[in-house]
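Quick notes on the structure that follows.
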Amino acid sequence: MCLRDILSRVKNGDMDLIEAEKQIRLYGYQSVGKIAKLDACRMARIGVPEVILAEGKNAEDLMDIAMAQLKSEGRAIITRVSDEQLGALRKASKVEWHPHARVAILRKKKKSSTDGVVGIIAAGTADIPVAEEARIIAEEMGCKVITAYDVGVAGIHRLFSELSKMIDAGVDALVVAAGREGALPAVVAGLVDVPVIGLPVSTGYGAGGSGEAALLSMLQSCSVLSVVNIDAGFVAGAFAAKIANKAREDKK
Amino acid sequence: MCLRDILSRVKNGDMDLIEAEKQIRLYGYQSVGKIAKLDACRMARIGVPEVILAEGKNAEDLMDIAMAQLKSEGRAIITRVSDEQLGALRKASKVEWHPHARVAILRKKKKSSTDGVVGIIAAGTADIPVAEEARIIAEEMGCKVITAYDVGVAGIHRLFSELSKMIDAGVDALVVAAGREGALPAVVAGLVDVPVIGLPVSTGYGAGGSGEAALLSMLQSCSVLSVVNIDAGFVAGAFAAKIANKAREDKK
Amino acid sequence: MCLRDILSRVKNGDMDLIEAEKQIRLYGYQSVGKIAKLDACRMARIGVPEVILAEGKNAEDLMDIAMAQLKSEGRAIITRVSDEQLGALRKASKVEWHPHARVAILRKKKKSSTDGVVGIIAAGTADIPVAEEARIIAEEMGCKVITAYDVGVAGIHRLFSELSKMIDAGVDALVVAAGREGALPAVVAGLVDVPVIGLPVSTGYGAGGSGEAALLSMLQSCSVLSVVNIDAGFVAGAFAAKIANKAREDKK
Amino acid sequence: MCLRDILSRVKNGDMDLIEAEKQIRLYGYQSVGKIAKLDACRMARIGVPEVILAEGKNAEDLMDIAMAQLKSEGRAIITRVSDEQLGALRKASKVEWHPHARVAILRKKKKSSTDGVVGIIAAGTADIPVAEEARIIAEEMGCKVITAYDVGVAGIHRLFSELSKMIDAGVDALVVAAGREGALPAVVAGLVDVPVIGLPVSTGYGAGGSGEAALLSMLQSCSVLSVVNIDAGFVAGAFAAKIANKAREDKK
Amino acid sequence: MCLRDILSRVKNGDMDLIEAEKQIRLYGYQSVGKIAKLDACRMARIGVPEVILAEGKNAEDLMDIAMAQLKSEGRAIITRVSDEQLGALRKASKVEWHPHARVAILRKKKKSSTDGVVGIIAAGTADIPVAEEARIIAEEMGCKVITAYDVGVAGIHRLFSELSKMIDAGVDALVVAAGREGALPAVVAGLVDVPVIGLPVSTGYGAGGSGEAALLSMLQSCSVLSVVNIDAGFVAGAFAAKIANKAREDKK
Amino acid sequence: MCLRDILSRVKNGDMDLIEAEKQIRLYGYQSVGKIAKLDACRMARIGVPEVILAEGKNAEDLMDIAMAQLKSEGRAIITRVSDEQLGALRKASKVEWHPHARVAILRKKKKSSTDGVVGIIAAGTADIPVAEEARIIAEEMGCKVITAYDVGVAGIHRLFSELSKMIDAGVDALVVAAGREGALPAVVAGLVDVPVIGLPVSTGYGAGGSGEAALLSMLQSCSVLSVVNIDAGFVAGAFAAKIANKAREDKK
Amino acid sequence: MCLRDILSRVKNGDMDLIEAEKQIRLYGYQSVGKIAKLDACRMARIGVPEVILAEGKNAEDLMDIAMAQLKSEGRAIITRVSDEQLGALRKASKVEWHPHARVAILRKKKKSSTDGVVGIIAAGTADIPVAEEARIIAEEMGCKVITAYDVGVAGIHRLFSELSKMIDAGVDALVVAAGREGALPAVVAGLVDVPVIGLPVSTGYGAGGSGEAALLSMLQSCSVLSVVNIDAGFVAGAFAAKIANKAREDKK
Amino acid sequence: MCLRDILSRVKNGDMDLIEAEKQIRLYGYQSVGKIAKLDACRMARIGVPEVILAEGKNAEDLMDIAMAQLKSEGRAIITRVSDEQLGALRKASKVEWHPHARVAILRKKKKSSTDGVVGIIAAGTADIPVAEEARIIAEEMGCKVITAYDVGVAGIHRLFSELSKMIDAGVDALVVAAGREGALPAVVAGLVDVPVIGLPVSTGYGAGGSGEAALLSMLQSCSVLSVVNIDAGFVAGAFAAKIANKAREDKK
């Protein structure tokens, strides 16, 4: 029984208050309707679309979930897609494919657009796939994204120039992806007043080489920055877009 | 030699271009002036005041640094102050003391104020000291702060009510402090479209009890949130204030 | 506004369905009443009383929370109490003190009793404090508790005899506390058909000596058992009592 | 020499007391009979059937062990079966195959049934294989199993509804499987008075992504729950069935 | 009921075979007699005396256990004794005190002696307390012990000379204690055909400084050696004595 | 220049004392001869043959080293041999192949034999490959080896019987291989006065499942035992054989 | 705008001092020219050529970067090259291939040469690939390199002889590569006054077997040595060459 | 028997070649003389004085070792001295006390001096004690030391200026001490051609706060640098002095 039904019955005297309270307590939001509706509600509520992690799903299950989401949302964003999974998706639908990030998008509705601006910086070429995942999700959340890749600490002069362009473009938040020792986000956060999100990447080898050195280094940074999990491009991009969209919404 | 001096000499023909380029390359920002000026510059640049970590400093050194900062900045914020250090500070200056957070502030200038609004939530009573450190720094950065303490997952109903108040007050960013299993930030991030910063706290015991369970749990969260280091109240508060102040600045 | 109020207003036509649904959605269980009531509700719901962890709380806060709980619940159970905290509690109330477990109980209502029977076994003398914490909470949840301490693998003959007594007494669940290599729970679980809860204890030294060896060993056990965190006597005791009380309730 | 033989000889005066005591001490349960009998004895004793872990066994050894168990027990349960191993098993016997859980069952005797009822909940689709392993073993132990999959914290409304159904069905114990941050078991344990067993799953990536975040989070949980090892579906299912069968047995 | 009783009854026809078998199966070694006897039995069986770890025991409990053991065994060996515990012991008994090792021995019977010879080597002066613990237990097990302290890798010439003496004295086993990088046991094991037991010590600082570097280094050693836990002087000494006593016993 | 040459020259007056001392100091054992000789010397000195770890070597290098050793020693023992490496070895030589242990032996000389007796116990079938590696090396060192496989804690009665046989056979040392929680070595060491070497095996899954649980558990054991690295069958077997051979040598 | 341009404009009065200072502050080294020039500058500045890590790069990207570097520098050094990547490189250019180290060099300019001398020692044959990587980079930096491979602690006599040769050749720095327990660098550093760089290698198995034991052991070493990351042959070789080249430069 | 004695005897025909070879093999450097001589020899050999780590030594032992070293070497350097230990030392000797580094020096001979120049940089004030330890040992090894403290990444302009001074002064090696995220050594190594030794410091809190973040970050650095253990000021200073002294020696 859906919530409005319960309320209707109360209004009509078909259900007494004690029973109604119990129903709501026990069953909660049980009968709000179909699953598709719920997702829409969630998106409106927290401003982030659901994303499907392909890793660890078999091709069939992945397909079912993706097609369901495409149907209900008009779009399905799928990350960490293997070649085999990609093949399966392509048989069922037209796929917008981002090869570096390994992200597939199925789309029926046009992308909408907010005024949010997000900057994404990658320290080295090996950090680009993760940075790209961040870019794509931020764009799917309506933001304009400016990227600057391969501007690590070794070539700090390029960094200054790129940062300058980003600030001129009015970025609301910055994602800085870095592997190895992960020093770049702290450097950036020491230069600008824009919120910086550190995105550690699992490039490297030996002790700390799966991204732990980068993660710990960002957590210990003397600069003020916040951090997401290793290789969590999606989270970093979505968080930055959340900041940007919120700031622009406030402005209106 | 300061940068303007170099440029003056170039203009006056007292230094040739090759030499000037070398000077700037090698010496960089060397001679920008006195240390006090530099700090002011940093604050203007990144929007976060310097904070003195008392832990691991002897009373004398702490005092020297604090008094120098008070002089140059009109304010010195000192975190993790021991009773002994507090006594020493009190001999030298009037001290604004926050006992839960163990933060001392020396102040000559009035606090300024931005329009930023920050919400700070603590899961349990044991998380309050770290949450308070976040609150104080956000206020020192000019934000209005709304707090809701002891609203852990166990008493989820209180959470809904407090969140509702915060959203009505127009919070630009939320800090959610939680120890033990650290589940609260993910719950909050699943309910609102405001950016949520997870602040893991070192409450707990046994495996993962020094805050690692909370930290890992926040990093793995299915919700979109970003994270700071364990017990890093200062970083969380400053990051939230950076978001809030940036958003309000954008709005103007 | 409390839930029944909302329902009343709907019934009386003072609130339309759309608004009522929104109220319930947004505010959830917000206005269910006073905090004391909520706790009672929680206890009825999940069958476990709230317990106050004294560790990390200052004496004042601890006192306030304890007295509030005593008032609302007729009982306050406080674990990991320091000598200083104990002194403070004793000034404010009569205290039932369990020195090995370092548990203090403030009590106004008589202990109630279920038919549940819980067995608690400790491998060595060093494991007794944690085992005692388990015993006390299980008794507070109304169970009869049978204990057998210092029956480690070294003295396996004593174990057989004690187990035999426990089974004759009809235990519904067994807590087995063990430090060092933590082998005892697996041995017990290989001998009886009663559910066994492994309780690792932080006795030991060197590699794995803070309870990790015991914890990992229990998690890897070939026998079927479940585990709680290192030194989590309260959780183990409460879980065993939950099993016992549920089984007896089923029986009725 | 078997135990009864020793006792016979003592009775007949063929062995003196000193010698008999020594025999029993040294040789223990040496000659209790054939291996098949022993297993039957173990099952009767602890209420859990032996399960064969296929992982790390070559196809021949696996086959031998499985066929021996099938012969002696009338049933062989084999977990973590690879495609190659499955092929080998199918050549030798009819195989009941559970593809999600990768569990193979060889069966000569009919499944028996107890009155125990077990509920199994999986947070996400990626947690289903491990949850299925739990389901199968609980059913093999005679329990009725009710499942609710993909009811993670994100869709908490579905959870309420499913939990409600389970309680109506009289579940004796609940297994809750969750990867990533592993928050679901704590949420469930905060809602019902049924014992909840947390089952951490190795879904996730980055720091804590092999199930450690979920495991630590469950160990640190403020709710009362017990835990099994990462991906240990068999242990969780068998433990829940042990609780359920014991409770029902008590009832009789 | 003790084992011989059961056998007596069988012999006398007071107990039938079925019942006797059940008694022995269920109750095991239950009624073998008083605790003191059991310990004696254990010592005879495995050749190692029980040792009391003082750490984590309060003075009273420690005293009770020690006096009981002194009474039943004629000797009580207590390790890791604090000054406070030592004071308490001295009030109750004459104490043989080994200050470096912090071992206390209460003794009523004379030390016995085997022909076993054990060599104990300590790399640095900081490793001596742990090496001494090994020496004392080996002597209590009847062995002659030859020690060579402060013969680390840095002074390898001394090592050769000391090793030579030990081999001339016919050592049956060698304990080599080393902290920091723990290289000495591997060096020794590469020079002699006597079994070498590596004993890692928790001297050092920084990464791996609690003995982990030494432990891992010994486990990874290219030489053939076996290892005990960090600071486990007792285990190393007893294991070496077990080898020595067994070898001498074989010889007879 | 070899040592005897230097001494010859001194004797003949062709080298003065100062020079000779310097030669020996600086160059050490430099010129003792060919590599083959050195190995022989090492074997005589420490009683353990060199063993070639195939893992991580390409087939050519492996072949060269193996053939050189076969030539100089009359035997080459190669562990952790892949199928590809085995193929390469078989092309060059007759190979004695142990499939469970994946050990290849090339042999020109007959195996010699000492009087040493070693017992090897494996807890589960998955532990057999590592146990077999221990068996092979102990036999190559001349010992008689008695094995008992699949006698884990679950079937403790079989253990008693097998142990009894081993003791009757006069074992000088016992290797006990165990994965998962690794409890078996402690149980065995609590039953016999023969030195027990714990051999942790990397069977298991989840937390501690790569052998760490077994390793830590053995290091923390209350029984007296020593330990080798995870899966280090060679080290365990060689160490046991060293004990056995030394004991028998003493006896003569 | 490049730095000299700014200075030119200042000199010519086309830019005032305030503006020039701002330009330099904000844009930094932005417009120094093309990327190729910058690299040259970096090499001159820190004395180490850029090296391309092939691992984790797709063949196309790798090719582009390599060809760009070859063009601008006259040389491209590529490490950790897979067979597939090697094939791609060979299609585009003549490749100098070092199979053990898996390093590819593309070269248009002749190798230059300094007077620096570097010694490289590898403990075992498994350590040779990493040692070779160190050798190649040191040679590319102009040093003469002397190598001694397979001179582990087990064959210490060979070490003395090889060290002696190295010192006679005037080595300025020594790289010592070692896996397993990593003891060799400490031994070498205890014998010579040349700076020793420890290079831990990921050979080994079980606990600490991915190079952690070697790394920790080197960090804990009583001898004075410095360390690079596990398998970081490039860093060790370049660091040694930096010492050697600096020393020789000083000498001139 | 000392080496020359053996040689004498050989020369005189008092010892045959076989016996002499055996003596030298077995006894090695056994009888090289008195201990004092050996130390002198070691210093001459590796260029680093022995340093006494006070931590973990009782006052008496410390005193004995220090006075012995003072006597034999004319100097004793003692690190990590507690107040209590300092008091004891002061009773026995005049003490040169360095309060920040907590290093005590007892001295009879004048400090000697080489031409080596070492630069020592500390990122923050909290890193100064460890940096000071490095400075003192480098000076005791005869080097001129130039320091620059509190020049962390946050105040990068000061760093450029200080580095410039150091290079003008001809530093042969640089030690860079840094806690928290440990980024400074990499920055410095990216700017100069002098070898840079990273010295991680245990300042910080939360995850990675005991110096692991700094250590891992330095090991992962893209710049070429080598590293010592956390807080190992002595090792870093001595290693830098070894480079400097070797370079200057080469020059002569």
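Just so it is clear, A, B, C, D, E, F, G and H label the chains in written order, and each chain counts residues from 1 on its own.
One rule holds in what follows: a residue touches a chain if its C-beta (ideal position, glycine included) is under 8 Å from a C-beta of that chain, and two chains touch if they have at least 3 such contacts.
Quantities reported herein were computed from a predicted structural model and do not represent experimental measurements.
By the document's definition of touch, common neighbours of subunit E and subunit H comprise F, G.
If each chain is reduced to the centroid of its CA atoms, subunit F and subunit H end up 39 Å from each other.
Work out the mean CA point of subunit A and of subunit H, and you get 49 Å between them. Put simply, the C-alpha centre of subunit G and that of subunit H have 25 angstrom between them.
Shared interface positions of subunit H, i.e. residues touching 2 or more other chains, are given as 29, 42, 154, 190, 206-209, 212, 219-220, 223, 229, 232.
Counting only pairs that meet the touch rule, the chains in contact are A-B, A-C, A-D, A-G, A-H, B-C, B-D, B-G, B-H, C-D, C-E, C-F, D-E, D-F, E-F, E-G, E-H, F-G, F-H, G-H. Contact residues of subunit H toward subunit G in the complex are 42, 45-48, 170, 172-173, 189-195, 197, 219-220, 223-229, 232, 235-236, 238-239, 242-243, 245-248, 250-251. Listed in rising order, the residues of subunit D touching subunit B in the complex are 124, 152-154, 180-183, 186-187, 190, 204, 206-209, 212-214, 216-223.
By the touch criterion given at the top, residues 26-32, 38, 42, 53, 55-57, 61, 65, 200, 202, 211-212, 215, 229-232 of subunit E touch subunit C in their complex.
Every residue of subunit B that touches subunit G in the complex is listed here, in rising order: 3-4, 7-8, 10-11, 13, 17, 20-21, 24-25, 29. The part of subunit G that touches subunit F in the complex is made up of residues 125-126, 154-158, 160-161, 164, 203, 205-209.
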